[in-house]
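Listed after this line are the structures, all set down as structure tokens.
Shared between the two complexes below is chain A, which has chain B as its partner in the first and chain C in the second.
This part shows the complex of A and B:
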């Protein structure tokens, strides 16, 4: 059990003109037993950060502390961590049991019988007892990933580091393993840092998410907080599927005016200057379909993608495409002209230059608040 | 009147058509191209003309008393083999070949692996120099053996003119009889052979090292394996198929070595460095006994095949290949 702290981490690769800063001044921490997910598009520095924590990459600047002790100069095996890799990284010539026992063999004085005991009890936990004598190449992707997890668990480390462990699995297995890893982490209570580019994984598994972009931390917080109260346009666009709709608007008196869109200024945005441009963001599932000519804007339905319980409708409003998540099939039809509207508390406003959120909502849905009665004109 | 053939005939006709096609050229080409033999033919022809036929011819010749200086030829059957296996010279060449081969294999594998590891290490760390090293080592490999033999002979000259002896002399050593002492000559021949052949095993090992997934090393580091343990538990097992192939190829090459030794010592002093291939050459082109040379070649082939078979037995490569 341990607390992991990353303090002012900077990591650069290359020299001179080829110098690339992969991580810039990153500070975050994971509490004892916390499941922290680092998420972001490729090249955002999340894997580099994980490698720095693991000791597989040196740190250019800053400190990494595990349980208060600086581990910058410690070798990986002296950091009390275990790691799970994207492509499993099982030793091909060893059986599953030998793979799992290898770390114990290298770092502990346990006898072969003791190692065997620990491997077997871990295998039981993961339900891979019958795979122990098999070599990796005769295992399926899911089984390999379980063995790789077992190799990490058997070491009983202070911190688990997982580098996109599910991205090589097919979709259905991925969601099963997602639940399983979460369950395991819950049971074991080991501090875990999990890297992924998949925002669904991040949202569903994390206690807290850290969203990175180009080596910089954008926001760290609970999944729903990042979803409902994004700190900037990047986070708003990255978290949530389908992505948030954004349109350029200008405040004119009490109204936000955009191309073919008019919307009353939400109460929390009262203090914003008039005549200034903003980016208005609204999630597809926050939009309601209303009669054409009413609501905030009117557009034409171009494409409907039915998903069963819900459908995604793509509307053209002026020149922009707006995505709307509607209930079930048949809510709208292709070619239909419809109006759209949305509740004020779901409106996000961003500075068009910096992307920073302005007049952020103060609470999450369901929280007791006098801030937003459920009306459009709060 | 209808010209429709009766049912039985019709089916026969259909079968015939299926077998011979409709007789057009396009159909013929089409069926020919779809047959595996068509695609195997060039390789079969090549192997047949340049490998199988000469092999059969050598075997046939080994049963005759063919000579380069006489047009007469008669079958003496196993007489050549009896003479060969009964001669002391044969066992001496066999012993020299064995020593030369073992020395070459050990040195070429060891040096090749060492160099490959060094280059791989350099490349992984972005150091300068690996390319230059590869070019230098490889240049030893592209130079014909006969030239390498001559170069080494000049280097090892047993006077002050020889580069090596000159250097040793400056350091205060006596002149070393690199080529005139029986023991030293064997060492010199092995050294020259290894100097040349190391490039080949280096390239093979280097290619093998490139194939080792980086993540395995990272996993091993996290698992607490130091450099030696990583080599032992990650690199070596991953290189096993390459070690196997290199060992076989270097062995075959060493057993058949000729050009370099021919130029460096010509088998001397005495027969201290006379390998089987050199003895075979001498039988053919110094004693003009083609039959005897052919018998030696057949024995060399049997030795090579036996050694290779033993390798297949010893290396358990069923999993890797």
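This part shows the complex of A and C:
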């Protein structure tokens, strides 16, 4: 177990005009035993960061420290880390047991019997004892991923690095494995850095998530904090499914005015200058359907996607499409004109140029109980 | 509208559908073309085998593929005439050449597949460019160079020459194969404590084995039957240095009238290649379909 610190990490590829900066001045840390998830769209630098931590990529600038010691120049095997890959990366000519024991054979002085003991006890932990003599080609996707996890666990490393380990699994297995990995990490208490582009994985598994975009850290914090108090428009749009609705508004006195939308300025945004444009963000699940002509705006329901417990309704309000999550099926019907309204606590305001959040809410739901039930005023 | 009524469209009275009939026809034509192709390539070999089993007189009098009175006399004569020495020389040169090519091209292909370094693309194109040059065109300058180096009239010189000439094709073939192996395996190996050479030795060598088998077979066949280079480099050195292809050529000249002996010598020369091919056929086919073609 160990603390991982990334300090001012920069990683570039190529030279001259072809130079690409994959990671720019990234600083973050994972506490001892913490489950940190790096999340972001393709090409945001999350896997490059992981490879730098693993020692598979050299660092252009900055420091990586494990338990206080700078490991920039250490080879991967000397960093006390283990890694799980997206496509499992099991050695195809070795049995599951040989795959798991290979790292021990190459890096420790353990005897064959000791290696076997450790492999067997890890296999027991993962419930893959009966797979040990099988080769990867005769294992299913889920079994391969368990063996790959076993290969990492058997090394008893200070830090686990996981690069989209569930991406190749089907939806139901992914959900099962998600729980298993969480439970394993809890039991073992090993500091874990987990890379994914799937925000559901990030939200459900992480102690904290770090959201990256184009090599830069956008926000790091607890999943619900990033969800309720996004630092910028990118984080607000990336975290949450369906994505947050955004509309351009201008402050006119005590009202935020947009195309076909009027909303009183939330109290926490009182200090914002009048006449300035802002981006107003509101999550689909924060919107409630009201009678047409009342509420913040009125629009026409274009499409309804029933999902069982909830439905997604897509409304046209002026020229914009607004997504609303409603309870159950039948709350609205296609073609119906309805009004929409939302509580002030759930309104997000962003600077339209920089995307930075302005007048961020200070607390999460539940922390200040009077914020709920919903109210149009803070 | 039952499927088995006579009125059903697309179905014959017998109950066989038109589409199935069409498929039978396609299959029939396919097998016919296969049979013709196999016959075309196999007939000369079978004819040589047939000649080798005849008595000298029957060569000119009979057109039967299976001789009326089979005889092994020509094999006895051929085996007594020094062909075993040439067979040994050929085996020696071929095995060393194939081993040399694999030893050089495996790490080279690994490096070209995995490492980004300055000039990588140019080097690969240069290697490919060399492959475009026919060895016949450069045989005389090569002879000059080899003579200057004192490497003519020696099997070692011929082996070095073969390795040099056959590396480009083998390198491209094997690089294509390495390219199909996910780089995550290399990463996993490095995490598991392997350096680059250990990654190649312990982790990648086995998955790339079908590709190596393809390289081995191609070069085995090529080297075993090569004539021009061998004749140019070895012929002044005397018959003891000859490879099989040179031997058969000499044999042909010396015993021009004894076609059965020439045929028997050819059969003796072919058998080891066929045996080698059959032994590695599984890898060969898998290697072609998995590596070189896809890569």
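We adopt the following convention: the second predicted complex is superposed on the first by the 372 of 378 C-alpha atoms of A that agree within 3 Å, B and C clash if a C-alpha of one lies under 4 Å from a C-alpha of the other, contacts with A are read in each partner's own complex, and residues count from 1 in each chain.
We adopt the following convention: contacts are C-beta pairs under 8 Å (C-beta built on N, C-alpha and C of every residue); 3 or more make two chains touch, one makes a residue touch a chain.
Every value quoted in this text rests on a predicted model; they were computed, and no experiment measured them.
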When chain B and chain C are modelled together on chain A, clash or fit: clash
Which superposed partner A:91 touches (first chain B, second chain C, both, neither): both
Partner chain in contact with A:102 - chain B first, chain C second, else both or neither: both
Touching partner for A:77 - first (chain B), second (chain C), both, neither: both
Touching both chain B and chain C, residues of chain A: 54-56, 75-77, 81-83, 85-87, 89-93, 102-103, 106-107, 151
For the chain B and chain A complex, residues of the former touching the latter: 213, 215-216, 218-225, 229, 233-234, 237-238, 240, 319
Of all residues in chain A, those that touch chain B in their complex: 54-56, 75-77, 81-83, 85-87, 89-94, 102-103, 106-107, 135, 151
Contact set on chain A toward chain C in their complex: 51, 54-56, 75-77, 81-83, 85-93, 102-103, 106-107, 151
List of chain C residues in touch with chain A within their complex: 182, 184-185, 187-194, 198, 202-203, 206-207
